[in-house]
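The structure's right below; bear with me while I get my questions together.
Chains here go by letter, A, B and C, matching the order in which they are written, and residues are numbered from 1 within each.
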Amino acid sequence: MAGAMSATVGQLAGATGGRIVPAQGLDEAASAARLLTGVAGLGDAQVSDLSFLANPKYMGLLPTTRAGCVLIGAAQAPLPHAVQVVVANPDHTLAQLVEAFGPKPVHPEVGIHPTAVFGARVTIGARCRIGAYVVIGDDCRLGDDVVLHPHVVLGAEVAVGDASVLYPHVSVRERCTLGARVVIHNGTVIGSDGFGYATVDGVHRKIPQIGTVVIEDDVEIGANTAIDRARFGRTRIGAGTKLDNLVQIAHNVEVGPHGIIVAQAGIAGSTRIGHHVIMGGQTGLAGHLNMGNHVTITAQSGVGKNLSDGAVVRGSPAQEFKTEMAQEVARRKLPEALERLRKLEARIAELEKKP
Amino acid sequence: MAGAMSATVGQLAGATGGRIVPAQGLDEAASAARLLTGVAGLGDAQVSDLSFLANPKYMGLLPTTRAGCVLIGAAQAPLPHAVQVVVANPDHTLAQLVEAFGPKPVHPEVGIHPTAVFGARVTIGARCRIGAYVVIGDDCRLGDDVVLHPHVVLGAEVAVGDASVLYPHVSVRERCTLGARVVIHNGTVIGSDGFGYATVDGVHRKIPQIGTVVIEDDVEIGANTAIDRARFGRTRIGAGTKLDNLVQIAHNVEVGPHGIIVAQAGIAGSTRIGHHVIMGGQTGLAGHLNMGNHVTITAQSGVGKNLSDGAVVRGSPAQEFKTEMAQEVARRKLPEALERLRKLEARIAELEKKP
Amino acid sequence: MAGAMSATVGQLAGATGGRIVPAQGLDEAASAARLLTGVAGLGDAQVSDLSFLANPKYMGLLPTTRAGCVLIGAAQAPLPHAVQVVVANPDHTLAQLVEAFGPKPVHPEVGIHPTAVFGARVTIGARCRIGAYVVIGDDCRLGDDVVLHPHVVLGAEVAVGDASVLYPHVSVRERCTLGARVVIHNGTVIGSDGFGYATVDGVHRKIPQIGTVVIEDDVEIGANTAIDRARFGRTRIGAGTKLDNLVQIAHNVEVGPHGIIVAQAGIAGSTRIGHHVIMGGQTGLAGHLNMGNHVTITAQSGVGKNLSDGAVVRGSPAQEFKTEMAQEVARRKLPEALERLRKLEARIAELEKKP
């Protein structure tokens, strides 16, 4: 990451309102004057790198880190090597610093690449960046500052809000709409047909999927994820929700705002989930469920029933966290418990022989 | 969905042979004259919408639904708002009505987009629709009415049967064949190399994967799914089988006809499954297995052994449904059972002290 | 596979140093003269096919196989139909034979397709094959003999080593690097943003992901897999490691050399795994873990803690293989054990009544 950024500790502290704690044997002025040109984790960082402590798990690395500067939530005694900059939320502050001082994302140039193919009646806002081999269907509407990377395909009547970014090989099928500042990573599919069939005499007849998908503002979606269009009505991803890679969202699902859905999770058809829901990696939700707000589903769990606000569940089928945890602990004692049971039976048989 | 369709209740009943049950306070003529312009679920529908009851779970919505008309399997007493149209299979009937009266899928125009790139000796049937930036390898053969959306890539010697539809970013590798009326959604890959290596002195040497994939008639495959080519011979998906999104089919797998494979399921190499098999979401099958016909595997299960016709299994590793269910029920009593065991031991120790 | 290859048994034995065991009723010369034109599994093979026995599970097929020739690790008594060619590693030998005598992969022609779009300052080695509609960003560097299939997209400053092959619809984001002889199958994404947010007042703020991905030499990656770029620093896949389809590798993960990661497995952020690790299908690793070398994780397991060299684990959450297996066996006895427990309680109550 050499050359990734260039700022002194003093500039960073100034930009974030952070308090400087000098390193051992360094005065305040020398601490502030340190030049940082990269960002790295505590274990890898050099004196020219900014690092940070967000996960307390890595606290033990502080005495040995070679980082020039560490963003930290609570001031520690002066460290051997690193200057501390104390801020309320190191993760968020780091993000802001990288955005201000770090490398910028590489997007196509402003304008329309000559190889882009446009349908009829397409409207495009100001300052859009349309890359090579983009295909845009009839009647699409793009807001201002939209970025379509090479090989993006939009079907007919797709709307894309201001400042949204679609990476290469994203495709959005007809009539789906994306809000403002939506980011979709490579290969993700929005608006494929929902998986619906009526079985007649053992033959699966397709149920037409004539609804759409609505992606609200500030949603980010990872790579190679699939979000199906509704049977009718719409599949909806609420504002500010973040989806990771390889996630499956079936038809007519409604995901509330500000959710976190980790990689390889899947939600079956017509399930509705509230706001601020967290689904761990490789979790699954059955269809036609109602999930409350602030629900947390731990990794690899599978949920088959409705959950109310604030529920925390684990297991497959999932149960309340502590309940399932107690069962899991008990399960580990099971081989020994069966042996104890066998012995008890022998001892009772012995007792029963007594007159 | 305003404008999605346009038909009166009478027209719909006529087209389906359904019986009309007027809504409360509405006579037969007024019921039949209602104009429907959209389709919606019971909870969202307005008076201008057609709705339906297929899943009995939603029965409770009938008294309050605002739908103008409801397709239903068994006649109910007149509803406050909705006219009932009674048909044998509401799901299937709805599908037929939407196909007849609803919006049509948006495909590229008949003909070949000027940007499509063709290899040598490609043959194309009548009325095909070849979109922008499609790439077709040498010696490919396309039947009549084939639709290739923008950015589809076909390798050499690929055959595509009549009326098949490939959505954007689908790729089919060399020598694979698709039957008639096959539908493949965006981003899906047919014919990537199987995952096979011979490990020699700790180094994994690739085993060439020189077989193909055969997709039979009337198969539909979701988005971002992957079906590997065979090591030799072929990987096969039987006629009428439907695969959802993000499914993994390994080399040399044989899936029988009329199966249903839900999202994120995976089948390891050389496993064969019969006809009418249902694999739930996120299920897995180990390699080299034989599955019978009409097997059902519930969501998130993992199967490691052969299953005979009609088997219904759950769990990981999967067992017969009721057997596994009884174990799961017992597991939930385990923490309390361990406590009871501990008490028994104390009581027996007490008894044993008696002379 | 008719026409897939063309060689006599004698030529194959000569090329591999294998020993010929004639079939019943056939002399050495007639055995060596047999012409093989295809490759097939034991159950499907005809007299014109080469077959092989690598998995002892299929030993029972030897007496009935119609294959003209079988590669085998240990000589058997003469078979009714098949000539045996005895070699040390049938899998590996078959691979070599197919490579020498079988069909060659179908790649674009040497040269640059006129529709390929190049950024500024791109350097390309000798004999590269750049297919239709490939897009290459500024400052990319390609070694010799690189193959980019149609619709591959490389972002700015991407490096691709000698003889690497990228299949259709692969995209590699800016600044990522691929070593020599890397093979990436269709639709796979290298370098999408890691999934990282700092949550401030319930709103998820993106943490810029300014690192890269490094794919080392001889790595092969399946279809529709996603490998995220690092937050900073790099995500790394070690030399010779093989990834299957639909695998998720999160930001800052480090996978050691010579690993095998089966389809639909996922590794969460910052986890490091050693060399020769085997992850079964649909397995998951939590984030921030350290895995040793030669670790084996069986299918569908989920690992939440560090594992040391040679560990073999199963279950979710995963435990040492035999430990977990004993618990699973015990679990299956649980319904009956609860019944035994109930009876014991009754018998003890009875005993306790005694004076």
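Keep in mind that, in the parts below, contacts are C-beta pairs under 8 Å (C-beta built on N, C-alpha and C of every residue); 3 or more make two chains touch, one makes a residue touch a chain.
Since we're looking at a predicted model, the values are computed, not measured.
Taken together, subunit B and subunit C share the touching chains A. Rotation angle, subunit A onto subunit C, C-alpha superposition: 120 degrees, expressed as a multiple of 5. Comparing the contact residues of subunit A and subunit B by number shows a mostly separate set, under half of all numbers used being common to the two copies. Mean C-alpha positions place subunit A and subunit B at a centre distance of 26 Å. Residues of subunit C found to touch two or more other chains are 133, 151, 169, 187, 224, 246, 264, 282, 316, 331, 334, 337, 341, 344, 348, 351. On the subunit C side of its complex with subunit A, the touching residues are 117, 133, 135, 137, 151, 153, 155-156, 169, 171, 173-174, 187, 189, 192-193, 195, 197-198, 200, 202-208, 210-211, 224-226, 228, 232-233, 246, 248, 250, 252, 264, 266, 268, 270, 282, 284, 286, 288, 302, 304, 316-317, 319, 326-327, 329-331, 333-334, 337, 340-341, 344, 347-348, 351.
Touching subunit A in their complex are the following residues of subunit B: 1, 4, 38-41, 44, 54-55, 57, 89, 91-92, 94-95, 98-99, 102-103, 105-106, 113, 115, 131-133, 149-151, 167-169, 183, 185-187, 220, 222-224, 240, 242, 244-246, 258, 260, 262-264, 276, 281-282, 299-300, 316, 328, 331-332, 334-335, 337-338, 341, 344-345, 348, 351-352.
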